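Letters A, B and C mark the chains in the order given here, with residues in each chain numbered from 1 onward.
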Amino acid sequence: MTTPLLEAENLTVQYETANGMLTAVSDASFTINTSEYFGLVGESGCGKSTITKAALGGLDDNGRITAGKIRYKGEEIQDYTEKEFNEKLRWKEISWIPQGSMNSLDPLQRISEQAAMIARVHTDLSKDEAVERLREMFDIVGLPKERVTDYPHQFSGGMQQRAVIALALFLRPSLLIADEPTTALDVIMQDQVFKYLNEIKQDGEIGMLLITHDISLVFESCDRMSVMHAGQISETGTVETIYEEPHHPYTILLKEAFPDLRYPDRELGIIEGNPPQNMGEVDYCTFVDRCPWAVPECQEQAPSLEPVGGDEDHPVSCFRREEVLEEYRAENETVAQTGGDQ
Amino acid sequence: MTENAGPVLETQNLEKYFDQSTSIIDTLLRRENEKVQAVDGVSIALDSNESQGVIGESGCGKTTLLKTLMGLYQPTNGKILFKGNDTAEFGRKDWKEFRRNVQIIFQDPFDSLDPKLTIRETLEEPLKIHNISNVDERIVDILEQVELNPPEKYLDRFPRQMSGGELQRVSIARALILEPEVILADEPVSMLDVSTQASILNLLSELVDELDVSMFYISHDLSTVSYVCDRINVMYLGRIVESAPTSELLEDPQHPYSQALIDAVPIPDPKYNRGYTTLEGDVQNPVGIGDGCRFRDRCPDRMDVCEQTPKFIDVESDDDRKVACHLYYDHPQHTETAHTDEEQQEPEVSAQ
Amino acid sequence: MVKNNLSLMDNRFANNYVVRNVVGSLRLMLEDKATMVYFSYLVFVLFLGAFGPMLAPYPYDETLYVNGEILRSAPPSLAHPLGTNNIGQDIFSRLLYGARPTMITGLLGGSMIISIGMTVGVTAGYVGGRVDNTLMRITDVVYGVPLIPFAIVLVSLFGIGFVQSIVVIGLLLWRGNARVLRSQVLQIRERPFILASKAAGASRTRIVFKHVLPNIAPMAVLFFSLGIGFSILIQATLAFLGVTSPFIPSWGVMVRSAYNSGLMSQAWWWSLPPGLMIAFTVLATFMFGRSYENIAGQGNEEAFVQAG
């Protein structure tokens, strides 16, 4: 078996808050393979950004990895120091497009200067080499090469986001982490960004961890994905598997809640309630209060990620993972039929 | 105010221009102050019990249109008719009547309610303004209607103690509590999480079906609009470029911009290959843009004639649809007349 | 917790949004230890302002004699815990007496500053248009007026006096408040909840009193406390220039007398206590206002900078 690119194993991340230890991520495991596009989907606050920050040593001061491991190309990195992250990983191995990153460009520096500075800190490329590489990347993300010397404000929102992507890619990392890269953009701008991300994918040189609340984007642009709810990974699999055979109640309902332009007359599914804030140890399923299939057991123990139907590549963290999909389908069959009779 | 069987709310050739802030140098040089043409000749009519969407990218004038409709901005030109009566001629009493019957829901649930007021106080305010009695009863009813159960649980809460979805329900409740005839909704779900978004969308479309209200729903997100609206107007840089019943627009968009918007919406299905947008660039600023099709610098189909403003005409096969694009009519006989905004926007409103 | 507190209050009282807001935030604030210290100190100073003169062992203006000789500049002793000044007055007593004029200066000056500033700022911001223009022009002009010459001119017109010095402060220092509050109002009035209220037909008065004022209240409280602090400080400065009555022994006047006597360095017991009291009082009001604003509204650095 080849070594995965990025691997999280039973990862728990906690924040110290005024009200006690807030568990933002609990017992999360997933792997991203080399040059794979991997999507991580969930509602806001479910811990997506926390996972990415943990992987890059960028947790807020009050946050800590309290259990589990993160491996990059087989090497454990959860205990890396700031210096190690800078020297070994950031930018040249893993680059990161943080949430709201359009505003992360320094308004006072030309994009090319920002690139030169990053190159100076993380590599021994000369300034000219760095700028030349940036020009290549501008071309790839569909920006005119000669505009590398522009200041950020000379670009529109969508172009700024593409400039950020170009910066993230110009040191040729093996993994790009993109946290809600298009949430602030209109549909057409968003589509332009994904068009280029998709083109980059064709070269097969880079893997991506795409963090988003929009399951459509993941279905469209990723190979594999995880669904997350309130700190727990609910389900992982290829996008086709998750689309066709979702086995976790949250995944099933989430999919139904999503508007699909092709079927504007379909009734949208609803997930009742709100995700909980988990304090301290999480020894229950975090979906239990919202789950129509919950049984007492779900309150008493946290379900671990176990293969469903014997498929090692499709782990689901639900005690009733083998039955809910069938039940759901049976129920909705009858609904559909009675609906059709009238 | 006289009653009238026509549309509840209608705009005729509505324009809203803003002055750009001018610098001293501009004034000294006597530079022409270029106006921001945020809304430029919009004619739409909302029938009772109908829900219409207005979609377009940010910056295309949607919110300005809504605020002008609401009477929060003074129109630069054109008319707003409420039940056939021109709001420009409204007196105090008419405005009060209008305010009771036209309500608004905003985008940001976290900023839509006064942080210093309890939910009860927020809902009470419209009733007090319009001297409506049995306040408590109405408040409880309306909270039940927007599915905040049990209402008592929410009455004394402050906005900060509630989630985004709950807050948006309160906003909807506030809009409904006066039993209005028209609701204007400005991107009401775009800041909510998917699970909540679905329930609010369902709630809105139920309300339109069950209560006797009409709705203008404004959004950049076609996939949510299509769940709620019977009809969709596509807006680009201050102008409506296409108007059609929802299903027809989705199936067979005519205007190149409508096509681009529809094509760019991601589809939640890994097997479906939608292809990516071919559009480049983004929306210009609507400042001093003069004549011509506003979409021409991004349009994949542009022609020479597009330097002239296209008429907003009926689509040939279907008199329920309209489009403003030179692709859809023989331009030679129109080229002479297509110059002014006046003419292009008024094909169906005959002079009275 | 805020709620419990409210249920104890008269309902009408509690329904006043401004009051509810202030009381609720106070509660929250006092959970913070540092704020509690500042708060206690302020209560203590207020107490001194009210009862100080009664507690004073000697009349503040009595010249004390020992063996027929004036007790000049005596260092601290049991009988005179803070010693005496150059004309034989008991400093401790003067300090206790001085709390009252100092507090009056602070409260009066602070009230003037905030009431003028808020009236101008809110009116300009909310009414807008020509009214806004006019009011802001006036504010600009006031900004151009330098404090000290203005004080000297006013005082030469109306005479040197304690009240005059406070009026000078109040008439000038509202300018910062007016500007910042105006810009706050400009922001608030475009917020959706105000628009929604307008859309429901709310009148201008209703919007100002029910929505705008409660929402700027945290900042107004901050400015009020800053105003108190500034008034005390500036009055001390005016005292230095001799533009306030030297016979009313506010702490500022005490420092000045010490300075004038030329004994500043030897008789530390004379200038140091009132100096420290001023410094602590000003610090405590600033910090207190700061923490109120942090809790009740969003912290705003800019407000601090511009308030001066």
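We adopt the following convention: contacts are C-beta pairs under 8 Å (C-beta built on N, C-alpha and C of every residue); 3 or more make two chains touch, one makes a residue touch a chain.
Remember, predicted model here, so these are calculated numbers, not experimental data.
Asks: Considering only which chains touch which, how would you classify the arrangement: line, ring, star, complete or other?
Replies: Drawn as a graph, the chains make an open path, so a line.
Asks: What chain pair shows the greatest number of contacts?
Replies: More C-beta pairs are in contact between A-B than between any other chains.
Asks: Distance between chain A and chain B based on Cα centroids, please, to the nearest Å.
Replies: Measuring from centre to centre gives 33 Å for this pair.
Asks: How many angstrom lie between the CA centroids of chain A and chain C, rounded to a whole number?
Replies: Chain centres of chain A and chain C, defined by C-alpha means, are spaced 52 Å apart.
Asks: Any idea how many Å lie between the Cα centroids of chain B and chain C?
Replies: A distance of 49 Å separates the two centres.
Asks: Give the residues of chain A that touch two or more other chains, as numbers and ranges in rising order.
Replies: none
Asks: Quick one: which bits of chain B touch chain A in the complex? Just the residue numbers, please.
Replies: 57-58, 163, 165, 193-199, 201-202, 220-224, 226-227, 246-247, 250, 260-272, 274, 276-277, 279-280, 282
Asks: Touching chain B in the complex: which residues of chain C?
Replies: Going through chain C, the ones touching chain B are 3, 17, 21, 191-203, 206, 210-211, 214-215.
Asks: Please give the residue numbers of chain A that touch chain B in the complex, ascending.
Replies: Counting only chain A, the residues touching chain B are 43-44, 142, 156-159, 186-192, 194-195, 198, 213-217, 219-220, 239-240, 243, 253-255, 257-262, 264, 267-271, 274.
Asks: Given the complex with chain C, which residues does chain B contribute to the contact?
Replies: Interface residues on chain B, with respect to chain C: 67, 70, 72, 95-96, 99-100, 102-104, 106-108, 111-117, 125-126, 129-130, 156, 171, 174-175, 178.
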